[in-house]
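Take this structure first; my questions come after.
Naming follows writing order (A, B, C and D), and every chain is counted from residue 1.
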């Protein structure tokens, strides 16, 4: 940490800062410029120290040197993490396509749409049973009945499944049915849920909050990792900006930044970002070109009957075309779309086990 | 709702929209301009209808006419709602000051700081027992022990208390100790928590999410109101913007906008917005001048020892000066700061009971 | 336009709105719902009408139906516009790479870097002679001397050139030397400059302001088009958000949205968005995958000596690798990178001339 | 400046950074932590140095210690600057009200509205003759004819005048008619205009760009100050955020932050922030309560006939009530609204002349 003193801070205040730095078990290192004094505090590991030093009189601001996350950092674990979900590897050279309806509406529609996406290249099946809805008057999901349908459909088609949990109490229940949990953007800082998922050990798709910085996002991953669960897949799904033409602005720069800072896989969700099916494919391809490890998209064959987010659902033909394009763009960049034929290929990448502990 | 068709949309597509509008139980009303056709859908009450119509071919966008919240709206309930918390009225002509430490660290410090703020004009005592922390490695609060300390201190000083709950499971527990729940910004769309608080019937301070629009915010209030709990106090606490000099940008315009749209009281939290004690008082006064019904501020007498958010805590002297200024600004605008002498005065305002049901 | 009246607006106020709509030469069309009345105003073409109707008592808001831009709209001109710059076609099936240093520092460095980018696939040469600098104490560019160097270097290498103009007075001067003007993000709403460029008739690269909505952006293009200059190439270069890891957030969704709304070509500028060379290539590829018609990137062989924006300049090797990747990604999506061999190929696309006037 | 090296940066790279720091004439100061090395560069004064050091291999980022602006800083000039405009002092203890129509539409309306605001307490008259309009099809102002009307009306009523200039070429012309220039938000980084105004020496109202950070804003003030013109009044007028209920989000925290960083006066413009007259007064009062030195508001007696921004214009009665409230809130905080009786009172504050040069 570096403590920047106010211009003209008195010697007594500088001395007090030095004393406090030492009390915190850190080594002070003082630089005196013409106008300002700067006190380095070497050895810091606790985020709480920053607030303590910032509270001292005469301190203008404190600049942290190390990033606040540790287990999630590329420095802690150099190689790319690969997360196995029901036999499908996310991360590494492969590019994965996760697809399905926004909400599970009934068994028949789930079967129909799941078959459609499976035939066209999806390797994991998504479908919501617990739906977080902005309005208390909208469809809130089928709950456990929906999870059962998802399990049966996934089993029938040989597709691992992913579904959202909204709170810690649902983790145990949903864990009986799904292969991968999803934590939605609104729950990215629901710390109890993060810890519960951490304890479960099961793979999780952790979406970025729509107003979370990259650091805040990786700190949420840290909550899960710190409980011993290393099966975290990140997902950029758009942030809030002043723009109004799409629902959220897909922050495609999050992909290379996270690849630089962290070893965790990251995919993109162009459906929630766009909020409009005509822009979904362009955003999906942008994410892949930026280096994402896959996409998660919503598909519906009768969007005008959808109980949730119909306007953003890809039609089956659009989805099929998109999978073909992802395949080609991935290949152009030296990667491979994961398909039924090559889904286990990734496990030969054993290099991802070493890390500095 | 108004359905705006794409330029050049075919008659078949327009007819299909009209048919769907009728199927939804609404009355279609068609306007044909030179370039575009617009279909009004009169009588809509369900937010889900918008997504259905937006999913239809040939539709460019759908503009809702009515606001999505009902019980929270000024149109539903004309007079200002006044929420009673342990004998203190929030809303109406009075202006309330809520103060205390960020986190309850131990009984001694809570007593010390609570006495300090009580003597200087605070009418409710705040203090966190469950702390949502960005980092898993930071102090997470004392839990039930902290709530007990808060209860004892509040009783001793005659101050009603407010404390944050992080999830539905904590509601029953915390409800035994506090007079008012707080829902933090990160949980504004934790819908299960909103419903649980709704069922409790107890007063709640609902903070605005730092990336929530006013409409999304009032929809969260609607979740609580729709469960029969009308004791909702809103709180603007800053939004995420590109600015970096303060932690969050206090959206002071939220105060008059919410006063226009809703009957619920709204206060401001300048401490979390500023993140820096030197700016807290200016923001608190700005909120009051904009029409807020009060402020909630953090106070600490030894901020450099604080376990949480020391840099933003007001020192006792600063707090005392601020209360004096709030008193004068409130008076300048025809309002009265609530003090130990006049805290029940508000209950004479009986006009707030009528509403259209 | 649709005028939405306040709930409970009186008949007198509704009548006054109808009267005003008629006075403006529009046809009123009234829909009365249970709670609100809506007045359609059919035939509007003037943006000023919206403010007039919004000013009337009893009006809650006015929703425009048509987009505010006309000549820039896809509805006005269906086919993609292709802009010719010194024999290179921007738009259509081709993908163009524009490269060069941020600022022209001297003739030697310009020649060296220009040769480097030309050999590696750049088809247009960029280089700033007038530099808009946040600080008055930084290098402001070589002015006309720089433009002369750019002209000579471009001629020597057979590369058309693009350079920024900061105000109307520079248009005539710079027009003598460059093949394409650039209007920077800070000048997107410098309306006098837009008009002057419009009058010049010369190709222009119009960058999006970093806080401009798509509609505001296309209105700025409209300023140029309305003066008879149809040679406008758009450029997404990142917007301001709460993010701090990159300088600006590349809004990749702007690409498909603009392709939907407008016939104008659009490229991306990943260098200014990233502000850091290690993220430039990922963003460039994302832009191409999203459908952009090209990229403009900054290249420097000795970035630590650069007088401007060294940290974001690609090194020659990185640039070469990027061009190869753009080539492959373009091909994967059925497009072709423009190279010295195929730069005139595009002119066979004659379909872009028809439009509805 | 502090250069933070990447984790694991080699000794050769650290040595190269040290060497470069010395070449720049700065004193290096090295701290070696467990994971990272940090190189302080003491004595830096040139903003360009940051980019140079950031360009070096092995450097993660560079943190500037001193703020980039000098003449605008509170450290350079301790006392509040007071700017005299035609006998009215802006800054210091007084609070000023500037009012008038958005655009000068004709002599009669200007006279009528100017008389109205003068009678109700305005001390400066605003009115636009050159209007920056998003659309090329809207009213662009009366130009020099408008300036003449403004001059005549101001003289008749004894009110100094302020009017916007859009480019450097207008400075000389407008300087003949107005007492104070206005630079609009869109031109905050029109550096040529800033320099021209700097050379003119005349008072200027410099509005904050709607996506400018405080640092960028003060750097724009620095452009004017660096030309020897110290008569700069700042104006917060709202920033772009994700909010949609008002046109811009008034960043009221900018007021105390700027008071901390700079000696320049700052006022607020609630009219452009709100975009809706019903919210203007609340925002104006919030600005004053936060410490602003005044407000600039738009007033129109027939807003539905206004050629520009009718919806945000205060009606005369609203304006009168607002002035009364500003008077009371200013008094509550120990300040005085400037009126015809006390406008010269401020000049007794002579303390603002000293500064460290």
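Keep this in mind: a residue touches a chain if its C-beta (ideal position, glycine included) is under 8 Å from a C-beta of that chain, and two chains touch if they have at least 3 such contacts.
Bear in mind the structure is a predicted one, so any value in this text is a computation, not a measurement.
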Equivalent interface to B-C, taken from A-B, A-D or C-D so that over half of the residue contact pairs match: A-D
From chain D, the most remote chain by mean C-alpha position: A
Chain pair with the higher count of C-beta pairs in contact (B-D, A-D): B-D
Whole-Å gap between the CA centroids of chain A and chain B: 28
Computed distance of Cα centres, chain D from chain B, in Å: 32
Approximate Å spacing (C-alpha centroids) for the pair chain A, chain D: 40
Multi-chain contact residues (two or more partners), chain B: 211, 240-242, 244
Chain C residues touching chain B - in the complex, by the definition given at the top: 2, 4, 7-8, 29, 31-36, 38, 40, 42-43, 63, 65-66, 75, 240-242, 244
Contact footprint of chain D on chain B as seen in their complex: 211, 213-214, 239, 241-246, 249-253, 255-257, 260, 273-274, 278-279, 282-283, 285-291, 325, 328-329, 331-333
Sites on chain C touched by chain D in the complex: 20, 46-48, 51-52, 54-56, 68, 132-140, 166-169, 186-187, 189-193, 195, 209-211, 216, 219, 222-223, 226, 240, 303-311, 313
